[in-house]
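See the structures that follow.
In what comes next, chain A is part of two complexes: it sits with chain B in the first one and with chain C in the second one.
Moving on to the complex of A and B:
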């Protein structure tokens, strides 16, 4: 299992999984996870991410396509012959065995006699050296989770598969385990494929994220890349929050696109457009809530510039007027919902540096942002894709 | 425990100070478990503890039906009974043990299949397992008389494939007969107690998280190893309770030996039955009952210790 012939790349080639003759969990999919990557499969429940993981583990047989580990085709291999190990969602620790024996399980099955040193080192790595003789049910959720990681890692798999490993933990513990898993991954250098529905978790931990929806990969890239340049409305809405505005393209010139929405002129860089816009065509204009500034309506006139920098709107910024529909104070920031001509409930996050007491529900305001922060999406998509699922998973996560 | 709102409406006038209202219901509530226990305790007392004491006193009495029995602390009855009916005790343990082993061998694959592979047929199969109970125990046992009849198709086939040579060599059959041999008694016991083996096995197998099988497979265990290292150890509670539920009643059974066996296959149960109902030697019958109880208790205790599942049963 420790042969070093090829790298730990995981390659899925045209892989798909259909149950019965109606339900397709995973549509034909090509995916390459480079060796040493911390790769996250992100999506709402039922999007096919866990099925994809199980296809790699060999726990499901693909309907079509092949799974490669390095150069080796492992499609036909049963799980017990694959050099991959899994951390299961509910940990699946053996309740009748001690922690020590749980961790030693894989080594013993491979006929390794002297496991003591390795098990000891592995338990130290996950900081459970004192718990070797306990039974799984005597451990807390976080400790069980670490045992599950140790039990898988001790086999030095080419790839470690993690199926929602932090799903059962409370928020604080989850944060702690995220850091722990990152530390372990850096330490052992094994390819991690991490399945999660928690977009924050995916972005914090992974160096590459594949956003899945309806059995397909919507977009794949570095977390910042996905966040700043979503390619689809699903990604824009599922990964964080986006304000999407349906607009009409008025001109395309010199790397800049001008659009109008409800008689408001907006501009964005052509480079940040996921589609090729043509004048007269439709476009979805997107802006992240934290990139928007909020000013009291009168302050945007040139006369009143004495308060602070954000109150002044320099020329060249996209601006929309509206009224505050609701606000909620979150400590670090305040979240506003603004009713505007281009659409209701535009979301704006404002850092609580200096709070303007006039920004209360009902107040007339101008929202404005740099055109550089604006992205464009193909208008043929469902503008609300991923909104409900993101909200649902956020609820499930908290 | 201290939620006055949920307590039954106490006859407390609203003007009464609150602490009283809070204090009273807890006491009443604390007594509830005991009230719930009462019927069961009474039942056990009247129908188990008292007869046991009565039986114990009978076993140390002497006398006859005509003169009446009196307690004379005649413990010799025990030694005499054990000495006289040693073979029957041995047969009881041997037949019940063999039947239990056969039940385990037959029942485990079936329970495994129902628990893991049956899918939507699971409930139907479970009903089928207990379906024989809808027929009288006696009828079912008598039916085996027909099945195992001399020169019947079953016995002919068993003879033809050489099975009877093997069992004959083991001393379980005699020539070309099955009926009235130990094999017939063991077959009847196995058949009658099989559901008592399958149901606890099924219950404990069904409780095993299928992900444990996946995890074991993921950790390089071949299917056979998954069974030996994960499935079987985790089903031990079912194995233990199944074997106990089979062995204990089987060792005291006399119907199978009576209907399917011969005088050479009598078990302790048959002796107790005849001492109580035909010979009317009550002290011997009572002593035999206590001896059987003691033997079964010793075997069971040793077995549970060996199985190492005191905390699982």
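Moving on to the complex of A and C:
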């Protein structure tokens, strides 16, 4: 199990899983997780991410396709013969064994006699050296989670699979464990495949994120890449929040696209379009709420006097007028919902640096942003995909 | 005024405080009374095991004696019937526990045809009046041409103990997280290792409860045994038979010994689990 000659990369080739005749949990999928990566499978519940993980672990048999670890085809191997270990969502610690024996379990099953040194080192790594003789139920959630990690890592698996390991922890502890897991991953250098429904967690921890929806991978890439250039409305809405505006393409010239929505002219770079737009066609224009600036309407219209230079909007920016429908104060920022001609409830996050007291519900405002921050999506998809599923985990302060 | 009022108040307070005391301790009183109700018959059995009755019947107290304890097998055939009862109880417990545990696991863990029907059918032996079941079993054995005796009693006991074991084990298996077994398989334990190291230890309390229940039910069963035993005599049948002619003190000795053994096992179990909890304090 410890031979390091073969790589720790995971390759899924045409893998799929169908239950019964009807329900397809995972559609045929090709996925490569490079060795040493911290890879996140992100999606709402029921999107097939846990099934994908269980296919790698061997706890589910694929309907089609193969699983490779390095160059070795492990598709037919039972879980106990795969050099892969799992941290389960509920931790699945053995309640009848002490923490020490829980951690030693994998070593003992492989016939290793002297486990004391390794178990001690592993418990120190997760800072639970003093808890060796306790039972799992005597530990807090965070401690149990660390035992689960230690129990898996002690076997030096090629790949560590984490099935929503932080789901049961409260927010503060979750943050702490995220850092802890990252520290352990850099320390041991094992490939981590992390399943989560929490987009913040995926972006914070992973170097590559695969966003899954309905048994398919919607988009795969580095967190910043996915966030800045979502390929589908689902990714745009699930990963953070996006304002999506249905617009009509008026011209495509050079690297720039001009569109109109409700008589408002907007521009965006062609390079940031996930589709090839044609003049006269439809396009979904997207802008992240934190990239939008908000000004009181009077300031921006009053171009003659120009008393407040910072409040004026340069001509190059996309701008829409509207009224504030609602605002909520979040400490570091304030979240506004703006009703505009192009659509209701445009979301805007404003950092609370200098708060304008006039920006209250009902106030007329101008929202404006740089065309470079605008992205374009194919209009032939559900504009609201991923909104409801992300609502629970979307946060303004990220 | 005041010196007169003081004793009056004290008089009034006395019954009041009595009802108050009663109110505060009503749960304890009810508990103690119930306990007495449960334990009194056992105490009578125990006390009369030290009796020296005048005639053949051990129904009235005469004088203290330990002669029955010194010679527990002094009554003809009694210890033979006791040994037989213990044997039948042991084998039917093993049979019912193994079969019942397997049924319980199958019912909880697997989906198969007629699972729902089996789930309710398994309760039938518990619901059926025992005397009816005894008679039907006899009919069955006679029609099959089976010779009544040790084997027919064993088969009958295993059968009616089965449903109790299933109920006890099922409750335990239902509360077991199937992910524990997945975790074991994930940690290099093959099917046999997973069963021995994880499944069995975790299900053990349920299985033990089922086994104890089966043993107790089999050991003191009279009705079904009486119908299906032929000329074989178990301990309950011996007691019943001897009660017609006189009750030897030794019956009380055996009863007391069984009771003491059961109490000992329970206390030992409590002590062991208590020490286990103490050795690893929570924190």
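By our rule, the second predicted complex is superposed on the first by the 382 of 398 C-alpha atoms of A that agree within 3 Å, B and C clash if a C-alpha of one lies under 4 Å from a C-alpha of the other, contacts with A are read in each partner's own complex, and residues count from 1 in each chain.
In the analysis below, a residue touches a chain if its C-beta (ideal position, glycine included) is under 8 Å from a C-beta of that chain, and two chains touch if they have at least 3 such contacts.
Just so you know, these numbers come straight off a predicted model, no measurement behind them.
Participant: On chain A, do chain B and chain C fit together or clash when superposed?
Facilitator: clash
Participant: With the two structures laid over each other on chain A, which partner does A:254 touch: chain B (first), chain C (second), both, or neither?
Facilitator: neither
Participant: Go through the superposed model and pick first if A:59 touches only chain B, second if only chain C, both, or neither.
Facilitator: It touches chain B and chain C both.
Participant: Check the residue A:331 against both partner chains and state whether it touches chain B (first), chain C (second), both, or neither.
Facilitator: Neither partner.
Participant: Tell me the contact category for A:90 with respect to chain B and chain C: first, second, both or neither.
Facilitator: After superposition on chain A, A:90 lies in contact with both partners, chain B and chain C.
Participant: After superposition on the shared chain, which partner residues are touched by A:138: those of chain B (first), chain C (second), both, or neither?
Facilitator: The answer is second: A:138 touches chain C but not chain B.
Participant: For A:155, decide between first (touching chain B), second (touching chain C), both and neither.
Facilitator: both
Participant: Just to be sure I read the superposition right, which of the two partners does A:362 touch: chain B = first, chain C = second, or both, or neither?
Facilitator: A:362 contacts neither chain B nor chain C.
Participant: In the superposed model, where does chain B crash into chain C, at 8-16, 62-70 or 170-178?
Facilitator: Superposition on chain A puts chain C right on top of 62-70.
Participant: Using the superposition on chain A as set up above, list the residues of chain A that contact both chain B and chain C.
Facilitator: Touching chain B in the first complex and chain C in the second, residues 1, 57, 59, 78-81, 84-86, 88-90, 92-96, 105-106, 109-110, 151-152, 155 of chain A appear in both lists.
Participant: Show which residues of chain B lie in contact with chain A when the two form their complex.
Facilitator: 209, 211-212, 214-222, 225, 229-230, 233-234
Participant: Quick check on the complex: what are the chain C residues that touch chain A?
Facilitator: Counting only chain C, the residues touching chain A are 177, 179-180, 182-190, 193, 197-198, 201-202, 279-283.
Participant: Residues of chain A touching chain C in their complex?
Facilitator: Counting only chain A, the residues touching chain C are 1, 57-59, 78-81, 84-86, 88-90, 92-96, 98, 105-106, 109-110, 133-135, 138, 151-152, 155.
Participant: Hey, which residues of chain A end up touching chain B in the complex?
Facilitator: 1, 57, 59, 78-81, 84-86, 88-90, 92-96, 105-106, 109-110, 151-152, 155
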